[in-house]
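Okay, handing you the structure first.
Note that the chains are named A, B, C, D, E and F in the order they appear, and that numbering of residues resets to 1 at the start of each chain.
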Amino acid sequence: MSEFSHISSNGEANMVDVTGKAVTTREALAEAFVYMNEEAISLIQRGDHHKGDIFAAARIAGIQGAKKTADLIPLCHPLMLTKVAVDLELQAAEGRVRIETRCKLDGKTGVEMEALTAASVASLTLFDMCKAVDPGMRIEGLRVLKKTGGKTGLWSA
Amino acid sequence: MSEFSHISSNGEANMVDVTGKAVTTREALAEAFVYMNEEAISLIQRGDHHKGDIFAAARIAGIQGAKKTADLIPLCHPLMLTKVAVDLELQAAEGRVRIETRCKLDGKTGVEMEALTAASVASLTLFDMCKAVDPGMRIEGLRVLKKTGGKTGLWSA
Amino acid sequence: MSEFSHISSNGEANMVDVTGKAVTTREALAEAFVYMNEEAISLIQRGDHHKGDIFAAARIAGIQGAKKTADLIPLCHPLMLTKVAVDLELQAAEGRVRIETRCKLDGKTGVEMEALTAASVASLTLFDMCKAVDPGMRIEGLRVLKKTGGKTGLWSA
Amino acid sequence: MSEFSHISSNGEANMVDVTGKAVTTREALAEAFVYMNEEAISLIQRGDHHKGDIFAAARIAGIQGAKKTADLIPLCHPLMLTKVAVDLELQAAEGRVRIETRCKLDGKTGVEMEALTAASVASLTLFDMCKAVDPGMRIEGLRVLKKTGGKTGLWSA
Amino acid sequence: MSEFSHISSNGEANMVDVTGKAVTTREALAEAFVYMNEEAISLIQRGDHHKGDIFAAARIAGIQGAKKTADLIPLCHPLMLTKVAVDLELQAAEGRVRIETRCKLDGKTGVEMEALTAASVASLTLFDMCKAVDPGMRIEGLRVLKKTGGKTGLWSA
Amino acid sequence: MSEFSHISSNGEANMVDVTGKAVTTREALAEAFVYMNEEAISLIQRGDHHKGDIFAAARIAGIQGAKKTADLIPLCHPLMLTKVAVDLELQAAEGRVRIETRCKLDGKTGVEMEALTAASVASLTLFDMCKAVDPGMRIEGLRVLKKTGGKTGLWSA
């Protein structure tokens, strides 16, 4: 592949025409990391209920974010996601929270942007809830881990 | 500061009450980087019009994203942004595009989440447009650079 | 059935995976009642045009609300509704307006949440338009009346 | 007061002009009840984490719902909420969950529709998560409990 | 005035910074016309209730559209509209419906885009409801009639 | 055809039931014109980058607008567009910009409202960016050019 699919020959942004494409089951996994200071890490660690609501808010926001992908990213097609999962894991030794997302659908185009958007919105929500304690957090390593389905089949990082 | 402002004493997610806070001019800067392979870098580099529409789409999506912050992040207040700027710079030697965003308002609460959301959506849009050439891109270093205004005044990374 | 489908074994909110489910015609009916004082009832009763625009606004808001269900309810799947109907009936003797909604689609998951959301938004719109006359209104009896389609087939209240 | 504020003299739906009104601190409380069968009640009761994520999802959806009020209810003005709170309480003996919401802002118009919308969306989210166990749930008693601020001052149910 | 306010000196789309601008009462009027064939005109004319719901739907959609302006037009600021009015008049002799809209707010930037968006969405809604009878309708003459407030004061077409 | 499909026999606004309709490939073309004064025309003409970002913003807003059709027009069904194209052409001699849009999907209902909405939002975005130079612009001739697919097959203006 040697050209951007979303830019036409005269340089204009362009929604790819997927009208003729086959409906197949497609799935994508993405991940991101939120790095924070020790105080924030230990506040998340302390007490299940704290982590519960912080992680629940990020998880729910990530799921909702996946459904808004076509509204956020101009050239994305509207899609009928059949599954969105957002998992958060505190990796205290590394000073970070790891977020992994998974999206699925039976459709004509892949769902990696949906998985990335879910991870991005979950990360931002976590940032929002912890920023009073550590305004210097960083969101790192947002990328696609794996995608399956469609003409290209399996791709993994 | 030693507690998460968005989690109440019994562990529940909680929108901070800003009713009594003063209206001041607030501003926030954020940045992010999108790393991509040489082929993607050189396609962006080649020809102004190509870069034009790719960067224009990311810039516009970032501006629109900033305005959707309260819709994406559950505990953010609705805000009346008075300015959103999104700048993209191709840093070919580093194999990346740098995105810098700036948000302003006269209001009762800070705009760092808006600046981060703008940077995040601009990054995702860039990813979407280049993913046919490099599906292995990574979004890195999303963070607040500086914020001013409000009771805490200047904070910088 | 003995477990919540939307809560995973470790207690986390969870969007049900409907990827493998069959596409069938599904339909759901819901109802709600808005109770109001005599003055509000008689103002609605007086003159067709009054009732016309009050009921038209509630009907249109209810239809629009049905289409926003996946945006409002975190674990709902995005759906392609093929029909939404919202009917309002003034039941003056009972001091109330009855709202009945019906949603349909050919899809992989039921539409009862869409019917309930339509009834809910229509009720709230009616409340909004009558609240200057009766701020003490109550919305009661919002429930599913019947649903058909899918693996479970017919269910009725 | 003897006429609907939202219907003009010729019977047309009408957004009230609040341009000239004073900015005051306004607050509204609303409540709703979700009635469910014993199996659903005891599943919510069993284990903190279960209740945690079910209640967290409803709380977050309710907060997000309050921010969407002007998008859902046609004649509502866009508002800058400064506080939204959604509290859920399991009242097992009564076979129900009680939802209480509170909205605040410094603005030109009241926030009772925002409090009602928050309660409504939180109720619907609870319904969605429990419907596999009890599809016959009912949402009852959605009403305003109290509102303060503005020209009319305190109103309570 | 000799340059586009929304394009920076290096040609990039740019949200105008209104942070320092004064809050004044601003108002804008816009109009549009929907031309249709005789059959559509006479169906609208026949019976009040028909016209009622067709015009009510267009009016409500137009009001809702005004509130979505900043979501639709990339460089528009989010605004707190204090009044939106949408009026429709059947001008049978001219074979058209005239739509006039009016928006108001106390704010830092004008509301002509909101008035235009209201007129545009009301026109499209009318088109949608009549297109089965006349798919060849045209929407013409969408423009600003008058605006007041702000530094430039009164402007009229 | 002799009755409005969206108005029921008792005069109420009504979403057409498309549950039973066949899935076919459907396409629609629409156009609109934005008339502006010489100064605005020559500013658009001058320099590729200027036109680039102005046209890019309108093109992207138009694409995004098409995806919001069911949110804007009350009785439109939610659709899964497979292609949206928005083309702008400066017709300096005629003192106008011509906008042509094209929408496609495999679905149960036509996409002419989506094409019209794309053209409408692109026009409004162009208006917004040029209004500082010419507040007297007019949007004219918004109409469907052609539609194909479905039971009625080809229709052209």
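The criterion applied here is as follows: contacts are C-beta pairs under 8 Å (C-beta built on N, C-alpha and C of every residue); 3 or more make two chains touch, one makes a residue touch a chain.
Remember, it's a predicted structure, so these values are computed and weren't measured experimentally.
S.K.: Please report the minimal path length, in steps, between chain A and chain C on the chain touch graph.
M.R.: The least step count works out to 1.
S.K.: Identify the chains adjacent to both chain E and chain F in the sense defined at the top.
M.R.: Common neighbours, chain E/chain F: B, C.
S.K.: Using C-alpha centres only, name the chain that sits farthest from chain F.
M.R.: Checked the centroid distances; the maximum from chain F is D.
S.K.: So which one's got more C-beta contacts, A-D or A-B?
M.R.: A-B
S.K.: Could the interface between the copies chain A and chain F be described as same, meaning over half of its residue numbers are common to both, or is it different?
M.R.: different
S.K.: Kindly point out which of C-D, E-F or A-F repeats the A-C interface, defined as over half of the contact pairs being the same residue numbers.
M.R.: Interface equivalent to A-C, from the options C-D, E-F or A-F: A-F.
S.K.: Based on the averaged CA atom positions, which chain is farthest from chain E?
M.R.: Relative to chain E, the chain whose C-alpha centre sits farthest away is A.
S.K.: CA centre of chain A versus CA centre of chain E: separation in Å?
M.R.: Chain centres of chain A and chain E, defined by C-alpha means, are spaced 37 Å apart.
S.K.: Just curious, how far off is chain E from chain B if you go by their C-alpha centres, in Å?
M.R.: Whole-Å distance between the two chain centres: 31.
S.K.: Enumerate the residues of chain F that touch no fewer than two other chains.
M.R.: In chain F, 12-13, 49, 52-53, 56-57, 60-61, 64, 68, 71, 74-75, 78-80 touch at least two other chains.
S.K.: Give the pairs of chains that touch; include all such pairs.
M.R.: So, checking each combination of chains, I get A-B, A-C, A-D, A-F, B-D, B-E, B-F, C-D, C-E, C-F, D-E, E-F as the touching pairs.
S.K.: Flag every residue of chain A that touches chain F in the complex, lowest number first.
M.R.: 12-19, 21, 70-71, 74-75, 77-80, 107-108
S.K.: Please output the residues of chain D touching chain C within their complex, sorted ascending.
M.R.: Interface residues on chain D, with respect to chain C: 1-7, 10-13, 32, 39, 43, 47, 49-50, 52-54, 56-57, 60-61, 64-65, 68, 71-76, 112-113, 116-117, 120-121, 123-125, 127-133, 135-144, 147, 155, 157.
S.K.: Which residues, counting only chain B, touch chain F once they are in their complex?
M.R.: 48-49, 52-53, 56-57, 60-61, 64
S.K.: Provide the residue numbers of chain C that touch chain F in the complex, in ascending order.
M.R.: Interface residues on chain C, with respect to chain F: 25, 55-56, 59-60, 63-64, 67-68, 78-85, 87, 104-106.
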